[in-house]
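Heads up, there are several structures right after this.
Heads up, the next two complexes both have subunit A, just with different partners, subunit B and then subunit C.
Up next, the complex of A and B:
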């Protein structure tokens, strides 16, 4: 087996592991760090595939990823939600962590089985790790969205879904114009920015970003809130 | 033939002689990281010597299990040593006596006896530690099984020597995700099985918080020495399986001659030393987990090993 492709497979395995990590981690900071690692693995997979198939477009993908997801998104989050992300605080989750890990495992199996027929239908040079792993990470991101009750990890779950879709995409569309790439990256940045500002506004109004606690639409006065607490 | 038996016995001697040194180096490094001077690396040998000189006190309430446990705990790692590549990359005389599952069984037998002995004396801390160890043990079990069978699936064998060849021969197989994820899962297992920091604090002196240590509280004199020595041998053996079979399968003697076998001793010790540096970083940068968080730790190890298995089954 080719060593470059083998390394790409390794990046795929670790990529999957970071998605499991976002399901399992207890700290907002940790899930951000895992997202950074995940984006790094996405970029390195794009780079490895680019070298293997001699495609400059994939180099572009790698570069855009590094700039947008490893540098800009953490920077935006740091600027808008510093205290949310960087205070060490445990985050809440609907399911307990071992059972959500088991559910994540089932989703991963499902992703691998569901992409099986797709893999068969593809030409051999398009087969490989990227499609099942990307699909699995997409599902795991959606799962994170479903079980987390805290705003920042929810945002990370959303970004992980995007990462997963991308990871599958780079093995299929090797000559995607860079413009598409840039458009998607800018889109992601804007989503993060808007979500960051929104989360900050929510935090300023209510004093928490725990989604589980936000069950009423009315603005809660301080006295009522204390009573609730 | 005779030579292979001799080499096998040399392996056993290396494990017996150098395992307290590994424990000593680890303790010293940990203290150094915390900017203390730390005990001498030879301290475990002095401890053993001191304990062998002392009288042994056995509770008259205890049964034969308490009396035989130190011997079982001492002998079990020696049996495993016969099966695994410590110094040589070619199978030695006893290599085909049992596979990795068999070795795991022998180690588990020692654990079983230790648990019974802890319950045997009626010391309140013993059964507590024993039940906690069982909890960690049964959480670690599925990870062990998946790791073993994925390894066996990759190498088409459960004999450690043959598995080891698999990674040496092919660099592509070495960086395969099934291999790397297995390594991650196995590191977590080693931390859990040998009572290292995210799971248990080996240098703690507070009985209520102990997991592994409290089982040996009742032993004194010779028994305590054998338990301690057996514990460090078990650690050494697990490190050998981890390093020589899975992570760095290089640097072992490949010729059937005495020279290379003796040369392999410092190389293996060097590998272990480098791994101890990594271990010290892990131990000093994490806090001990609360008891019920151990489930999450080992759950992550399980997920990692299953991810390795999935990647392998779908032949990626």
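Up next, the complex of A and C:
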């Protein structure tokens, strides 16, 4: 085990920790900062693996990540969303913090367990912390989407899922053409922009940023509401 | 080269739609979508003559399956553009919002046409994600509470699925590298499949099936679909339900021959489970809908299940049936949403219980809704009856009696679910003399064009189209 790979393992551990952070943070601005830290760790991991395996392609991934996720995405979010959205704290919780952290822990174990056979099937130089950690962060992002209600933390959950997929990807698919990488990053920017426009429209027309709490569209309740009205 | 022009057309129309005169945008939208349909016919002709067309090696190529998808997308887009003309000028009054609508409409059509054209799986993944972001603002277009909620659910669940699918495509890439490399294209994958490690391949397929299956609307990931497909403006619903779903399903189908190439393959189990589950869940949900646009949306979930099931069966005739069903679904479902849109214009409500005796208040709306419901439920003599029948026959020939028995049961339940509701709407006792809004002329035109095909395909399948379906089915097998 050389220094670079140990550093990469450290980055992996911290990367996983930021995902736990997004599950537990109540404040919108806090989750955005955690996402920036997470993207920084993803870029560092790509850089470390790039040096270790002498792959220019991974340097490209690191650079694209820094530009798109640390600079452009926070900038787009600040431009499209109202300041008020960031200072919101979540008041009603779907699940309290200790139990959601416990559930997150279970998901992490599940991810490590599930990727066991996958690691076995890969050649030794592709194995490593990146694959289980990436799967775990993908699951934690999905879990964040299930338990949060505020707009910005939900969006961060989505972006965390993509970060997780990439974290596994930099170990799995080291020679993917850079064109693809650039296209994916551009696409991420469009996603953030569209989500920002939607969040703003909800804020404008419905007057809430608790976008996950909208539940008017159901099979039966529509008719019941009609009768009540 | 034609393929590239096909992609540039809607982009140009989107740019023109951004100009300050909305009528220019409307004209450009209709011209470009009709042009795209003509080009897709030309491409299909080329493919029938030469087998496959390659525009940019390793990136863009057209085979039978791609040509079929392009044809369907371009046809429904052209009809939907025509329908939008009358429908949107009736429902929207601000020119600025018209411009936003047509710009988004063209971008959405572009993103759908791009999906089958690329052959590099990760680029295809990006185009699938683009279909979500380009259509999100169309779903939320009416800016009501319900529309915004539906759009948000649609975006979040589709993008969640996309994250899972991305990991799947990366694992697939790793599996290919581990098996000695080759071109990372659909054809390259099929060629390399027997050398790939079974575990990697199965993991990749499962991730892609669950991830993209969310966007296709396969049960149990279908929950967003009836919301989005009922809240969007009707011409957009026709695109979403008619072709967007099969465009994404197409990506999953491309992986079926890859997985069945691995030696201990369980592709049949995966497709059967998800296919039957979708058809079953949708059939029972169809019995209790209260909104007629949601009803057609649930029927989409059912059809996606049937197509997936058929594509995984494993014989050439079943694969042919799957594509046949995809084609009849695209034509019929878009027609259904046009009919639903006309009914909505006439009566002003989406609730089934408030619509009674539609055939008397508006004979055109009533008759088209009835034809659409009969056709989509699978009554003879319409195309879907023939395609479903060909799937049953293929399944029985393979000896899969239990699966086919369950499928027949679900199809019958769905049939009665749909017809019960529509029968009450069309023939029920109602007020009858409520004031009726006139139907715009272009809506008639769109209904007539797509309706003519819905009826004609029940009797007659043109020979070139039959050959294209056979050629497409080749791409789904090994």
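Quick notes
Note that in this section the second predicted complex is superposed on the first by the 204 of 229 C-alpha atoms of A that agree within 3 Å, B and C clash if a C-alpha of one lies under 4 Å from a C-alpha of the other, contacts with A are read in each partner's own complex, and residues count from 1 in each chain.
In this section, contacts are C-beta pairs under 8 Å (C-beta built on N, C-alpha and C of every residue); 3 or more make two chains touch, one makes a residue touch a chain.
Being a predicted model, the structure only gives us computed values, none of them experimental.
Partners subunit B and subunit C, brought together by superposition on subunit A, fit side by side with no clash. By the touch criterion stated above, A:9 is placed in contact with subunit B alone, subunit C being left untouched. Judged by the touch definition given at the top, the superposed model places A:173 against subunit C, while subunit B stays out of reach.
By the document's definition of touching, neither partner reaches A:42: not subunit B, not subunit C. Once the two complexes are laid over each other on the shared chain, residue contacts for A:24 go to subunit B alone; subunit C is not touched.
Of the two partners subunit B and subunit C, more subunit A residues are in touch with C. Of the two partner chains, neither subunit B nor subunit C is touched by A:34. Of the two partner chains placed by the overlay, only subunit B lies in contact with A:97; subunit C stays clear of it. In the superposition on chain A, A:61 contacts neither subunit B nor subunit C.
Annotation: superposed on chain A, subunit B and subunit C show a minimal Cα-Cα gap of 20 Å. On subunit A, the surface touched by subunit B in one complex and the surface touched by subunit C in the other have no residue in common. Subunit A makes touch with subunit C in their complex at residues 117-118, 120-123, 126, 134-135, 138, 141-142, 145, 154, 158, 161-162, 164-166, 168-169, 172-173, 175-176, 180, 183-184, 187, 190-191, 194-195, 197-198, 201-202, 205-206, 211, 214-217, 219-220, 222-223, 226. Listing the residues of subunit A that touch subunit B in their complex gives 1-3, 6-7, 9-10, 12-14, 16-17, 20-21, 24, 97-98, 101-102, 104-105, 108-109, 112, 116, 128-129, 132.
Those residues of subunit B that touch subunit A in the shared complex are 171-173, 175-178, 180-181, 184, 295-296, 299-300, 302-304, 306-308, 310-311, 314, 316. Residues of subunit C that touch subunit A in their complex: 120, 122-123, 126, 129-130, 133, 136-137, 140, 143-146, 148-153, 155-156, 159-160, 163-164, 166-167, 170-171, 173-174, 177-178, 197, 199-200, 203, 227, 231, 285, 288-291, 294, 351, 353.
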